[in-house]
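Mind looking over this structure? Questions follow.
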Amino acid sequence: MRALFPGRFQPPHKGHGETIKWILERCDSIIIVIGSAQESHTFQNPLTAGERVEALKLLIEDFSLDYTRVFIIPVPDIFMNKVWTRFVEAFVPRFDVVVTRNPLVRELFEEAGYKVLQQPSFNRALLMGTNIRRMVIEGGEWWRYLTPRVASFLKNIGFEERLKTAIARD
Amino acid sequence: MRALFPGRFQPPHKGHGETIKWILERCDSIIIVIGSAQESHTFQNPLTAGERVEALKLLIEDFSLDYTRVFIIPVPDIFMNKVWTRFVEAFVPRFDVVVTRNPLVRELFEEAGYKVLQQPSFNRALLMGTNIRRMVIEGGEWWRYLTPRVASFLKNIGFEERLKTAIARD
Amino acid sequence: MRALFPGRFQPPHKGHGETIKWILERCDSIIIVIGSAQESHTFQNPLTAGERVEALKLLIEDFSLDYTRVFIIPVPDIFMNKVWTRFVEAFVPRFDVVVTRNPLVRELFEEAGYKVLQQPSFNRALLMGTNIRRMVIEGGEWWRYLTPRVASFLKNIGFEERLKTAIARD
Amino acid sequence: MRALFPGRFQPPHKGHGETIKWILERCDSIIIVIGSAQESHTFQNPLTAGERVEALKLLIEDFSLDYTRVFIIPVPDIFMNKVWTRFVEAFVPRFDVVVTRNPLVRELFEEAGYKVLQQPSFNRALLMGTNIRRMVIEGGEWWRYLTPRVASFLKNIGFEERLKTAIARD
Amino acid sequence: MRALFPGRFQPPHKGHGETIKWILERCDSIIIVIGSAQESHTFQNPLTAGERVEALKLLIEDFSLDYTRVFIIPVPDIFMNKVWTRFVEAFVPRFDVVVTRNPLVRELFEEAGYKVLQQPSFNRALLMGTNIRRMVIEGGEWWRYLTPRVASFLKNIGFEERLKTAIARD
Amino acid sequence: MRALFPGRFQPPHKGHGETIKWILERCDSIIIVIGSAQESHTFQNPLTAGERVEALKLLIEDFSLDYTRVFIIPVPDIFMNKVWTRFVEAFVPRFDVVVTRNPLVRELFEEAGYKVLQQPSFNRALLMGTNIRRMVIEGGEWWRYLTPRVASFLKNIGFEERLKTAIARD
């Protein structure tokens, strides 16, 4: 059985790692879909899709998960909800089940005929991305919610500066 | 060192396997970029991006290559040559070198400041995709140019019928 | 004389029915343009274009209006105001007059050389869509503002659930 | 039962009229989808979507068919075969069956789970459009393949001149 | 040395004139990039790109600057930050330096390898556009911040009415 | 009176210079529209829009024409003929007349209500671009059809190599 796990991963954090682990305990393989792949350099979406791919690979290694059972696929927005699930299908291998806590994502995949599972709320994973980005702005210890190599990678590519620029005004 | 290897992979064949092997002998990791990701169900591009992802994973396994050193990333066309290399950069992890035999791809990445390597001509790999698709139409032994699991996967998803439909007229 | 009547019709309600009736009393035929046709499954735009086409047909029948004098044409957004009226022209039969209460729509069609009429304010028709959608969320008697068959159709396709999902958070 | 009948209708001719009649004898209602709606002023696609809507309405009247059982919906190209059927679904009312002689259209709708019917070959309807356009260029009696009001409408909007311009060179 | 000066110029005001003068005192030539070129008829972007081109030409003449050292190039949005600088490069002549006070624009061009200069804050130029548009709505003396010919041009094309329509509701 | 002169300018040659001179003798100012602005690095469209802007500026100087009466505006394709003239209008200052020898361009601007003039056939200007590009491939003296500074500029940016790459195969 193969599961699809869609998210924006801004940034990939421990909650995502827990979810991927939870899925790999139940499924043979997982497709991680990086949504809004065209976005970057904003507060809502600071990282490029490629940076998110790289950070997700590090997250998987930090969690000692089996990468040979993983696909990581960036998918740009199509801005048309009715068509979005089919658009995702075009970019990814076949899958049997979708894992999400997002109500709209659940609704759209159920309308498309898929079985949708809801993962446990690992530290309120869905909202954690926003909180981590806010912590960066406010000078909090944002890296505590990330694995060491992901945190290190983000620091090296200037994650903090990019977020601060995103909210800066002249 | 990380290499970028772009192609359309319609379908992924042994020549691609040889090239990926050649790259992994020289680089730490490889990003396989599946171009024209939005295309499918035509003679030029019969397979969806997702089907090509799945077939490339099988190809890597059939060649006993190390998937933990591999990224497979579909990228849709942007129809603007000057911008294309930057567009690819947005979707993939950082890379150091590009591997291609395509003259335009070489030119565009060199203009963007990248070092470009040319792989050996493994059975005229660049043209093999077209030839394999023609063999399907003409009833030739097209599967001989693919690894067993890729050939089997393509048969199961109706590769032959799809190519025949693509050239059919009322 | 043929009139163009553009709107989003989220959902088609009695105010729209009154307007269409008012137009057919003054013109030979009417083109109902369903704008933002690419949108659906949001609070602002819950229904697909196709669902709005179907509901408008029912509305016309519930109002006992003459469908043989009606065109219903969905038009996606082009996100370029200067070009929008020409874009609409490309999708619809020729027309002589535009009927709208929307100030921007009036301005754009007048700049394009059209005569623009303003229909009477049938129960504040322009704002009624938003109010009806709010009533669904708040458990009000939203169906009172729709004709029986439109209300029934919307209930059957899960209009209420879709609106509630659109505003739901994890 | 509702049928979907997709085509480009460049221009709408008697073969289309026969097909619509054939469908209305077997189904309760019909959705005529005008594909490549964004195209016009080329040899392949001389008419705008709106002109095709208007001509189809005249065709239906010339064939004395029941317009109250008809939807005419223009749909622009999405240039992504895998997604196209879902894209069409977003623009049109629900339907139960697709009527087509085009092999790719059949394949795509069958993959999407629809039953597909093939109408009889009314004077080789699929190819007639091209032939009619060639006749215009070569000075043939193209109007014989159209109903009187459609032919008259096309003459009035400059169909012949537009086709001649489309193939003209400096 | 050639400088790139990007902005939205809604509308072109004296602060822009000061900046262009400041640049021409330091560089051989200037490329004025009109961003969000596809936008118009909104409060944020009332003027079309073409109207902004025309107003900028008048501004340059009112400031007695040397137009033979100036390029004015409209560039539509690409909605992809990572790619935007390359997209701009495709539309404009080669340039050596970028002049901006916008933090994101600075970051993106620095990432692309360009030297970025910051012009003096001529009457808080970056924010002046918004203030001028607000003054129009509130009946202030907005024209005082524009040169005479630009103010006159804007009045003639209905700048004030357009802004008032942009914020009007039924 | 202001004239619009659209073309692709691949590359800008003496025939274009003659046409611009001819227009400036009859009109107060000229808008040179660089069409297919998104294209580059192909045989049909080797130069970027920005390179064409720069070459046109040099052409105007080599012809000793008055640049203060000139606008040079790149416009990307919109792939929708019916909408194209309005799209061009959005990008350029107001104009009174269009100058072209292209039959489709003439037809579209006449339909949009413009007066269209046809310039004299300066050395078969419309076809000269293609011929010059062929001469590059065949080793002919292509630079004879260009002014000295344009020819020198093109050589410096690798015009010949780019064209040869565009037609190269593995």
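The first chain written gets the first letter, and so on, giving A, B, C, D, E and F; residue counts start at 1 in each chain.
The rule is short, and it goes like this: contacts are C-beta pairs under 8 Å (C-beta built on N, C-alpha and C of every residue); 3 or more make two chains touch, one makes a residue touch a chain.
No experiment lies behind these values; they were computed from the predicted model shown.
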Query raised in the report: Which chains, if any, touch chain E and chain F both?
Result: B, C
Query raised in the report: Looking at chain B with chain D, do both copies bring the same residues to the contact (over half shared) or different ones?
Result: different
**Report entry** Pair from E-F, B-D or A-B with over half of its contact pairs in common with D-F
**Finding:** B-D
Report summary line: Expressed in whole Å, how far the mean CA point of chain A lies from that of chain E is 37
Requested in this report: With chain centres taken as the means of their Cα atoms, state the distance from chain B to chain E in Å.
Outcome: 43
Report task. Return the residues of chain E touching two or more other chains; collapse runs of consecutive numbers into ranges. Result -> 38, 40, 48, 80, 82, 89-90
Query raised in the report: Quick one: which chain pairs are touching?
Result: A-B, A-C, A-D, A-E, B-D, B-E, B-F, C-D, C-E, C-F, D-F, E-F
Query raised in the report: What residues on chain A touch chain E, complex-wise?
Result: 38-42, 48, 161-162, 165-166, 168-170
Query raised in the report: Residues of chain C touching chain F in their complex?
Result: 80, 82-83, 85-87, 89-90
Query raised in the report: Taking the complex as given, what residues does chain A use to touch chain B?
Result: 37-38, 40, 48-51, 53-54, 57, 67-68, 71-74, 76, 89-94
Requested in this report: State the interface residues of chain F toward chain D in the complex, per the touch definition above.
Outcome: 79-82, 101-104, 106-108, 121, 124, 126-127
